[in-house]
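Structures incoming, each one as structure tokens.
What follows is chain A paired twice: with chain B in the first complex and chain C in the second.
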Partner chain A sequence: MSDASALGALGALGAAAATSVSDATPASFGYAGIIIVTLTTVLVGALAVRLSRTTRDFYVASRTVPPWLNASAIGGEYLSAASVLGVAGLILLQGAGGLWFPIGYAAGYLMLLLFVAAPLRRSGAYTVPDFTGARLRSRSVRRATSVLVIVIGWFYIVPQLQGAALTVSIATGLPPWAGSVAVAVIVGVIVAAGGMRSITFVQAFQFWLKLTAVALPAIVMLVVVGGRDLGAAAATAFPAALGPAAVNPYATASLAIALLLGTLGLPHVLVRFTTNPDGVAARRTTLITVVLLVTFYVFPTTIGMLGRAFAPDLATPGTADSVALLLPGRLVDGLAGDLLGALIVAGAFGAFLSTSSGLVVSLAGVISQEVAGGTVRGFRVAALASTLVPLLVVLMIEPAGLAGSVGLVFAFTASTLSPLLVLGVWWRGLTARGALAGMLTGAIACAVAVGLGVLRVPGAGGALVDAAPLAADWAAWLQAALAAPAAWTIPLAVLVTVLVSRYGGGSPPVDVDRILARLHLPERRRPKPQ
Partner chain B sequence: MSPSALIAFLGGALLGALGVVLLAAGWRAIRGGRALATPAERATYETLHLASRAAGHLRGGLAAGDPTRAAKALRQLLDADALALADPHGVVALDGPAPLQAAAERLARAAADAGATQLLTADASIDRRDAVAAPIRLPGREGPGSVAGSLVAFASPVRPPLVRAAEEAASWVAAQLELAELDASRAALAEAEVRALRAQISPHFIYNALTAIASTITTEPARARELVLEFADFTRYSFRRAGDFTTLADELQSIDSYLQLERARFGERLAVQLRIAPEVLPTVIPFLSLQPLVENAVRHGLEPQEGGGTITITADAEGAFTVVRIDDDGVGTDPESLRAALAGRPTVDHVGLRNVDARLRQVYGDDCGLVVETQVGAGTLIVMRVPRSQPENDVQGVRR
Partner chain C sequence: MSDDRASGAAPAPGAPGATPASANPATPPRPARVRVTAPRAGEPLAPSAAGPLTGGTPASAERVLVASLIRSQLRVAIVCALGFAAALAAVAFVAALPALNDETIAGVPVGWLVLAFGAYPPLVAIAALAVTAANRAEDQYRALAERDEDDA
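Let's look at the complex of A and B:
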């Protein structure tokens, strides 16, 4: 996102697959990895809950999900295609600048921990619209939030399906659309058939799968490379010009803010917190999640760095995301390399399945509640709709960089839902009108910026730079502001929310004190029964 | 994605949104026919609209409702400069300039004490405005409790129509307050019903449990001690007074104690199987909504059956809902008699079932009533479905 060329990437997936199929894992290994992951996911989902328990295990059965398990599940649901493939690709492309993505993704949970985790759990809300609707006692705020959640969810599923297209075409040689369709169908059918009952176990399993799938190849590659003389490779891989000094401060700050705050409003994050028994457990879970995520991101980053040294030919916007899939086959010879490749394919495919299914479950919940009054039938239809719409989008548009597209979704979320959540938890003066105005402002500002950011502002580069330095300077700023909008859209949304709440004529709900007391008082301090 | 594709995409989305807005506006213009309405029709519509808005805010009564918003709607309705609502203790809402507060207090008290409309003309304390105060008199009541407050309207000048309108508005507010009181007494009735249910569990069960414990005291003292403790746990949970809601985890804990005691009586004849998805354990459910269902399965399903049987309790997350199923392979029930019991006809059996069903419907709406599948000789399956998201319902209680 900080680099407009990554955003407007034109590279075709087919080309990536064609040029590099020779280093890739043999198709049979790829198929095996994908099939094993899918079957295991379905089996864990269907069977984990069937472990029968008899009376004496009542105590065990009525114990809630321990924080570490829930934290693993959150990690499993959160680590998407952008994390498993996109981060490595971005580091390959941008060097040190790309590091901001893993940092932001992980640190977003720190924001969650500091500002909203425990209060949101205590609110008793299951989805973001549930929370905003109950906090402001307003149907229209609830509606507006639902629409935003659905849009955000759909656009978050799109990069997952694009990642699936990339992975499947590299692993098996099938055309790119096959991967998107496969993931969409698998997720749609599993969720609609109610196969994700013990979703906590599935997602926790997926986290450890993904961690293994990136950690093992990264470590083996480091060991293999350890014996080689890096000499010249190191100098070309990490030129001083691409070091921290080359980072554009505005774009970086904007990206960091978007990633930090975007996590708060993601539709599938809040859902997981209802699994915790109370606010304290929610906080503990979040803390463990941060640790797990930080551990995870070490490895895609390592793969990206290795890619800079040993696969510089992949460093084009269209092919960079495939580096994690192709590198093991290049660095490790023979069967071991093929197995490691298959492992990464399996991990990546698991990432698409888990993130998409988590999103589809929460989206279908929101849609069915808004439209069908929460019936089982409505949920099924909504689950299918939630996979079909993103699939259509994927089949119609050409893919951009994975981490970049996800970054834009984060920016949009950070400009719309996140200010509302933070203000809703911490400011008693928030009114329904203020919330609506803020969400609308953030959404429009962000959408317009993303839309215009694709256009090259005249003078932002090229010939005009020498002719009119001042104008070019302004144009460059404008370009940056459009390409990385979060730094101005978030303050704008907050400002509008606050001003309209203050002077817009509405008033906070009558029982705002009661609502806020519920959000902030620890459960143990509540009035106890006699 | 290429820039041109994205521009086309965004442009298309924008045009589509614009089209929808235009279509909606056009549809509204045709349907609403605002331009075609006569002034009288429009006045009727305005009046009804304001009245229904005020009614919504008065629904909780003057204390628990939102009198500030109600006062605003009433002021627009009467076309007054300012309007105040007072309960017997003083003004609760004033829509208008704050300096009028003192005069409003004074007039409201005067109207309530006299039980008749009070007029104040061109008074210096209210910026030479006029004011009219009408008592809110609850219909069909006599004596000191009959005046629920007053409505004070400020205007310059107050003409006779406003006096009449203020009196009519006051009696309309009185009707709304009566409705609010009706709501409150309905809620109190429901609460009393829950209390009754708690008291209802005890007699049979306490007798049976104590007998079972007594029979083990001499043979197995350690087991008897364990059972007494289970009994203590169970009664502490069931007889707690505060809180209408609990978590699935806490309710299951109490069911465990209950089943331990029943097993002391049934021995090997009562088998229990559990399949609980751990993520639904924090789900909020009405207090004592599951235990009566299990008790129903034991008492009406397994107890009459010679060889006993198995109760299977499962809980799953299905989308935004938690679904709890209680399945027994006992003797089953005649669906017709069960339907009669659930419909509220007086029967001895299934009172607990009916009570749980009524409470679920009251809290979550008719879609969340109990679903019972049964047939004589074919066991009984009871399905309970509650939303996972309940920001309205707070669990009060001791955490274990």
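Let's look at the complex of A and C:
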């Protein structure tokens, strides 16, 4: 921990040094931010590896890791480009509708705490396929879950690489593809080289880096702005037409459900819970994670609101996500503004690195286990494949809003893996056939809705239908149901799972009672000395 | 298609006596480095000696206890989830009140501020409540299970 903060301080010194010798153009600040965060990440990772070698193995050491450090690591891996840049962008673009995204991202961890945290820890599973396959004693379920995890992971990496493209092109003036390629190469190499992942220190460091990177600029901007007369700008910045009363209730509720339930099925979330010594600690860690996330999201929300007041010109779909990067330079003059801008660049770049590498490791683990029998070489090849496929996708498609496309991934996860996990933890009647049918239904329904929704509304990647007021118009309702599908795809998936489990002819595993007992029974207390 | 269940590692069902020794491993002064490898299929959820309070197949009295623990935990989860949904709905309703959107603080309509920050206090409060309630349910289970053991 002290290593991490020491390195952070060194990084700050390095940034100051780099800028004092350069000609202090914003581009050099941008390069400095990106290079420093990358080097620091690699260094902290290398140090932590040495640390864990000289002390004890990671999984043993994890039992001495305090819950708040563990929670920091969870937050570090979870907070992605969508959180650091996308939230402010959506608030700028959509107004009050965008305020629902940070609420959903943070509250997803409440659902995780309520429904799966302790049981999943007690299951001993490292990945979602591990859990579902063992819970239902079925290889088909395991394989189907693996395929879903891979698809979800790829689609979740895509917005990270898009965020990298945006950040790098703004910060350095390089063409957008350079940022995507840079993050993909760094992540692919780091993961394939066998480092970075499973290292609590690195991800914990990333959380505090990201928190600083949004909190400091937000606070400084508030102080600077506090002395200004808002006047007419404030009146037009928060129009009633985009206010809390103007949001489409269906689309909002559907989005909230997707974000709330999507979190607990994300591929890179589950593995973090194995670093808790027991189920009770898993709950405490999740509670602290909720507090950390709430603290974090206050600041992107603030930046988004400041953006509405002071950067209305950025409120177009192509530019909104850049508001967090550009606003400090506009509001704070001189060197301080440049430094704050570089800090946000560093935080955003850290977000791409940490979330992508967490995802790539989860994916590579699943792929290599399914295809290559879990060998190290298989893992490396799989890691490269896991980065290459999303990179190709990014280079081929038009970027959509970051938080919006991440919202769609949440909807897909919430319709496929989340019902299976929740039912698997709580319902003894679940069968392998029911699980397969439910996953297939949720996946198809969600994919069709998203596909049609994108076709109907060209260029709109967001899950919120901003232009559709609550009209008794069939077309408007259909469009809303396609653009924000979670509200009907999740119940559909659950219904199919339950019906097929009941009447599909299969039966629950013979040892289902023992499995559920393993999931829910508290660990034996430390035996009393006799 | 669902009949390809991996034959679940069937452990000796009635071997409760095996647990105490392994639950309390003699800790060596310096544990050897354990290489962490990909978990093998079927490894999770395999019955483990260091795991739950009771190994093996639960006897009928225990089975009732376990079922009631799961029910009370599910009740905690559902009540808390509904509570949070109600809090969210309340925040959305209050934020949409016209009166609050005519008032401004530092130029920002109060309704916007309510929606931006109002959901977080109930979120943290309910999360804390849920942890307390779930831990209490486990304590109750422990007390009942220990009493049963003493009776036996």
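We adopt the following convention: the second predicted complex is superposed on the first by the 468 of 530 C-alpha atoms of A that agree within 3 Å, B and C clash if a C-alpha of one lies under 4 Å from a C-alpha of the other, contacts with A are read in each partner's own complex, and residues count from 1 in each chain.
By definition in this document, contacts are C-beta pairs under 8 Å (C-beta built on N, C-alpha and C of every residue); 3 or more make two chains touch, one makes a residue touch a chain.
It should be emphasised that the depicted structure is a prediction, and the values quoted were computed from it without experimental measurement.
Student: Quick one: is A:Asp321 in contact with chain B, with chain C, with both, or with neither? Answer first, second, both or neither.
Tutor: After superposition on chain A, A:Asp321 lies in contact with neither partner.
Student: Under the stated touch criterion, which partner chain does A:Ser140 make contact with: chain B (first), chain C (second), both, or neither?
Tutor: A:Ser140 contacts chain C only, not chain B.
Student: Looking at A:Val290, would you say it contacts chain B, chain C, both, or neither? Reply first, second, both or neither.
Tutor: The answer is second: A:Val290 touches chain C but not chain B.
Student: Once chain A of both complexes is superposed, is A:Asp338 in touch with chain B (first), chain C (second), both, or neither?
Tutor: neither
Student: Could you look at A:Asn276 and tell me whether it touches chain B, chain C, both or neither (first, second, both, neither)?
Tutor: first
Student: Between chain B and chain C, whom does A:Ile103 touch in the aligned arrangement: first, second, both, or neither?
Tutor: Touch partner of A:Ile103: chain C, not chain B.
Student: Tell me which of chain B and chain C touches more residues of chain A.
Tutor: C
Student: Which of the two partners, first being chain B and second being chain C, lies in contact with A:Glu77: first, second, both, or neither?
Tutor: A:Glu77: touches no partner chain.
Student: Thinking of the overlay built on chain A, is A:Phe115 touched by chain B (first), by chain C (second), by both, or by neither?
Tutor: Second partner only.
Student: Is A:Val510 touching anything from chain B or chain C once the two structures are fitted on A? First, second, both or neither.
Tutor: Both partners, chain B and chain C.
Student: Of all the chain A residues, which ones make contact with chain B and with chain C?
Tutor: Correct list for chain A: 53, 57-59, 123-127, 130-131, 133-135, 198, 365, 368-369, 374, 379, 510, 518, 523-524, 527.
Student: Quick one: which bits of chain B touch chain A in the complex? Just the residue numbers, please.
Tutor: Against chain A, the touching part of chain B is residues 1-3, 5-7, 9-10, 65-66, 68-69, 240-243, 247, 249-250, 252-253, 255-256, 259-260, 263, 271-279, 281-282, 284, 316-321, 367, 387-399.
Student: List the residues on chain C that touch chain A in their complex, please.
Tutor: Residues 1-2, 4-6, 8, 10, 19-20, 23-24, 31, 33-48, 50-54, 56-58, 63, 66, 69-70, 73-74, 76-77, 80-81, 84, 88, 92, 95-98, 101, 104, 106-109, 111-112, 114-117, 119-120, 123-124, 126-128, 130-131, 134-135, 138, 141-142 of chain C touch chain A in their complex.
Student: Using the touch definition up top, name the residues of chain A that touch chain C in the complex.
Tutor: The touching residues are 53, 56-60, 96, 99-100, 103, 106-107, 109-111, 113-115, 118, 122-127, 130-131, 133-140, 142, 198, 226, 230, 233-235, 237-238, 240, 243-245, 247, 252, 256, 280, 283-284, 286-287, 290-291, 294, 297-298, 301, 305, 309, 365, 368-369, 374, 379, 426, 431-433, 436, 506, 509-511, 513-525, 527.
Student: Along chain A, where are the residues that touch chain B in the complex?
Tutor: Residue positions touching the partner: 8, 10, 49-55, 57-59, 61-65, 123-127, 130-131, 133-135, 194, 197-200, 274-278, 361, 364-366, 368-369, 373-376, 379, 397-400, 447, 451, 454-455, 507, 510, 518, 523-524, 526-530.
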